[in-house]
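Presented sequentially are two complexes of chain A, the first with chain B as partner and the second with chain C.
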Partner chain A sequence: MVENRPFLTFLTHAVLIIGVIFLCFPVWMALVASTHGPEALSRSPIPLWFGDRAWENYSQLLAGGLPEAGGVPIGRMMFNSAIMALVITFGKIAISLISAYAIVYFRFPFRMGFFWMIFITLMLPVEVRILPTFDVVTKLGMLNSYVGLTIPLIASATATFLFRQFFLTIPDELVEAARIDRAGPLRFFWDILLPMSRTNIAALFIILFIFGWNQYLWPLLVTTDESLYTVVMGIQRMVNAGEALPVWHYIMGTAVLALIPPVLVVVAMQKLFVKGLVESEK
Partner chain B sequence: MATLSIKSLGKTYPGNVTAVQDVDVEIADGEFIVLVGPSGCGKSTILRMIAGLEAITTGDLHIDGERVNDREPGDRNIAMVFQNYALYPHMSVRKNMEYGLKNEGLPKPEIAKRIEEASRTLRLEEYLDRKPRQLSGGQRQRVAMGRAIVRDPKVFLFDEPLSNLDAKLRTQLRAELKALHHRLGATFIYVTHDQVEAMSLADRIIIMNAGRVEQIGTPMDLYLRPATRFVADFIGSPAMNFIEGTVGEDRRSLAINGTQVLNMGQELPARAGAQVAMGMRPEHLGDAGGADIQVSLQVSFVEQLGADTVVHGNLSGGAQPLAVRLHGVHASEPGSEIALGCGMGHVHLFDTATGARLN
Partner chain C sequence: MQKRVVFRSRLLPYLLVLPQIAITVIFFFWPSYQAIESSFFIEDAFGFSREWVGLQNYFELFDDPGYLKSFRTTLIFGVSVAFLAMSIALGLAVAANRVVKAATGYRTLLIWPYAVAPALAGVMWYFMMNPSLGIVAYWLRSLGVDWNHYLNGDQALLLVIVAAAWKQISYNFLFFLAGLQSIPKSMLEAAAIDRAGPVRRFWTIVFPLLTPTTFFLLVVNLVYAFFDTFSLIHATTEGGPVDATSVLVFRVYNTGFIGQDYGSSAAQSVILMALVIGMTFVQFRYVERKVQY
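On to the complex of A and B.
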């Protein structure tokens, strides 16, 4: 239903603007808080406008190793988060592309059985299977390593399912034309399926990168070595830094810094994503 | 260029669906063969077995004397053009045509030469760098043909390549296809459900019904001497008129519904009392004067086509539908009657039960 009445236009805009304000307020607060000193934030009317300590706060944060903030340099934590998010993202995309390819294009025994097995895992989020997974990772000696941090999160039923649905929409004739053109299974995958999936890959990249970047529970469990801490864990540790008062200006500053990479990914990928949408067939 | 030999070819799909059975045909080098029949009769299945896209259940397929039943599509030296073009959407026109050649490992200059030639033949030169979605339907289908031509195959296979195009473009591309066949001199096997397309393109037509071959012959064979009632009905537009009845004692009359009797000019090639269907093409009905068979048409509606007029109605005094195609412009009022006649030479007689031709 698309109507064009001034009142409705006004109403929809009002609702949207209220929604945007509602969503953006916490981000705004984090930005504002990161520019004040510690005292300003513990007094009752919390400031709603920028303070004068932005430069000081951020340079101290980036210089790193603040004892009040857990002592781990923020650069290190950002690096760990980036590694974790990127490995999870690339890993998930690669594995799910390959498994969807197998399920859609190859006839092997128990094909549908495998599909349903993958599908059922959709119903078990990380939190539910965390204990057995932790047990396995411990026994494999993968605690306190990037491998342990990333591998268990790579298998992805959601992405496999999405790629399967996309592959099913590709006409059989295209596959047959490729067979006549002497494209073997690997060539077909690389030359035809992969380029045709690029908009889907871009969209998934955004979602999965943010998923990976925001992982909290799992890194908390498998890392005890400070050099492997991620930035999300870092923020949490700063909040719970023992008896001392939480250093809100640093915490909010770290949160703002932690926001930057996902925002960059969205901005960068969105272009590709939209371009892909416009370029896609018909 | 190649000969094809198809021997008792059959296909049963999983779930015991028999799509094709007992197809036998020898195709000569450079022949333009059209497979025609109603939707679902197994035309595509045959073509896809020739291409190697579908496994052959029974029978043998030889290309140039070599048995190719178990060869991969890429190794059969065939090229195929699909109804929905099946172009690679992310590749430019040039890349689409190149792809198979690259996979074959042809040297670059040779690839470039072939693409230049093909795009000249098909007038695609200015579109080489476009993506398929930037082309019209007709252009896309020409690209698909280009992709087939550059491979320089022994056999070209087409599965209803013109069905997605509008009528005018279809006629135009049909002419181009005919010219292309002439120029390449390769063996063409072409699937369509459109009998006009079949008649205008084919050297020989294979007409199919429910997975079996009804008749193989030149377009004029099929038109002049259809082997079965099915073929008689399928070929020709408007379709042939059929009058069903029982052959009289003297074998010179046909009793329709037991009430009306049609008198024949000659003895019928059927025994007395046999149930037959007498077929007469609308264009072969004409002036009643002195004709072997005389019928009267009660007009229900008239199609004015300009060059011709098709008058539809019933056999007077009965419910048997009847149509006649008259030259030029004729005005006939619905409800009026027209006296028509047909020479025995234009009468086709079929057994009602088996559909086999009797004369």
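On to the complex of A and C.
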């Protein structure tokens, strides 16, 4: 702080508190709504404080099947989301690590060609090539399977760049030492490079986990079988229920359940998250 | 660009890049090529026959008032989301940068929405703004605003803008805060000694020094608003009422999957690809970067 101005300090806190309220309010309302029964949510204004149906609502959501969501328990959808998020995260990290390793530590024909091929994928998000990608997945018979849900999303230009950038900062002497000790390339990768990349891997893990968990369009396209729905995508079925009135207490409960895992990851590993976010965007 | 000391192996590097390249080719290059190719054809809905039509799909798009309106909607949506999310985030970042006590506490409370999926952000706001039982709609009504986004297209657009911006504030906040923390304290102290007040210091020193961050965030926010918010719109307004919230990405999906018009959908995909490539180019060309690729 450059100077002491009490009014400005007051204003600062006021701005921050209003900001926090603005950001937290939607989730507060979702939490409150998920603890009421349908009657309380049928007349306006709806309550701003918790009701007494939390246990009933959440146990029904997690274990019982809701007809509005296609008869699949939300617990099952959360399981699918977790599988999808984890496979995408570990897959992206693994294949990016090895391709960055190849590009940095070897000299081979088409090295830069491969590098640019990976780079260009940055410019082709799923959203802009929806139909043809769907076609390819259909032809490969990957619809309605975990393989179809995860493998097509596993390439990562961002992760490859991040690891490449990191490898370039590792001193050459380490490689020389490894070679003098007669360690081969795989040994060097496994025993030296991988342990050194731990922090980067952890930081990236958080970003990619959130990315994987929050996928929407892809599961919407490749799954028609309700038992493979992910929770972020499944909620849409309940909201746009057609003629039937939306069951808001269940929808808000699902929203709360769907946002808990990624939010927990961010809050619990805040430092790593900030590092991962700032570095993966450079 | 490369290590002085490298390993020698004929086959190994190819094996190492193989998984990444294989997925890239199968799920990125091949579909993109298909999109470009089929944008020059008209195909019947069953895929039995197709006819080469050259650029006709493109011409039809630009003659279609619906498509042009979609462009306009996307632009309004993108610019509003970017402006709202960035200005709120900047205000919060400036405040958070001043706080000495409880700084981490505030930061934690401000960054978690990053983890909320756009679809969920949309659904929560959709609930709060619901004309018959939403709490915000209720407050608006007591202020004399007749809120009904099921009928009023402008209100529906405003709803998705607010929801999309809400989710993006934390991201911008983190980058603005990092930018603010990298501004040398000595500069601000010097200005204070010259009797420049806090407001003046902000506009003549802080804001200009933040330009690279601001520009970077502008591009990121526009890309977010143009492409990542498909889920938000699909889960809530579904492009409606009528066409009021039908942004370009939503239209590609609608034309292709609901309307089964593959040629037109492919042409729209190609236009979007050109848009992303252009924006990525701007980002790499003009945004100051610490890392040189």
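We adopt the following convention: the second predicted complex is superposed on the first by the 243 of 282 C-alpha atoms of A that agree within 3 Å, B and C clash if a C-alpha of one lies under 4 Å from a C-alpha of the other, contacts with A are read in each partner's own complex, and residues count from 1 in each chain.
Keep in mind that, in the parts below, a contact is a pair of C-beta atoms (placed from the backbone, for glycine too) under 8 Å apart; a residue touches a chain by one contact, two chains touch by 3 or more.
Not measured: the values here are computed from a predicted model.
> With both complexes overlaid on chain A, does A:191 touch chain B (first), chain C (second), both or neither?
First partner only, chain B.
> So, does A:181 touch the first partner chain B, the second partner chain C, both, or neither?
A:181 sits against chain B, while chain C stays out of touch.
> Tell me which partner A:133 touches in the superposition: chain B (first), chain C (second), both or neither.
In the superposition, A:133 touches chain C alone.
> So, A:39: does it touch chain B (first), chain C (second), both, or neither?
In the superposed model, A:39 contacts neither chain B nor chain C.
> Using the superposition described at the top, determine whether chain B or chain C touches more residues of chain A.
C
> Touching chain B and also chain C: which chain A residues?
176, 179, 281-282.
> Help me check something: in the complex, which residues belonging to chain A touch chain C?
Residues of chain A touching chain C: 1-3, 5, 8-9, 11-13, 15-16, 19-20, 22-27, 29-30, 33, 41-46, 48, 95-96, 98-99, 101-108, 111, 114, 117-125, 127-133, 135-137, 140, 151-152, 154-156, 160-161, 165, 168, 172, 175-176, 179, 184-186, 188, 210, 213-214, 216-217, 220, 232-233, 235-236, 239-240, 248, 251-252, 255, 258-259, 262-263, 265-267, 270, 273-274, 277-278, 281-282.
> Contact residues on chain A for chain B in the complex?
171, 173-174, 176-183, 187, 191-192, 195-196, 198, 279-282
> For the complex, which residues does chain C have touching chain A?
By the definition above, chain C touches chain A via 2-10, 12-14, 16-17, 19-21, 23-32, 34-35, 38, 88, 91-92, 95-96, 98-100, 106-121, 123-128, 130, 132-135, 137-138, 166, 169-171, 174-175, 178, 185, 188-189, 192, 198, 201, 216, 220, 227-228, 230-231, 234-236, 238, 249, 252-253, 256-257, 262, 265-266, 269, 272-273, 276-277, 280, 289-291, 293.
> Name, in rising order, each residue of chain B that touches chain A in their complex.
48, 51-53, 72-75, 78-80, 82-84, 86-90, 99-100, 103-104, 131-133, 147
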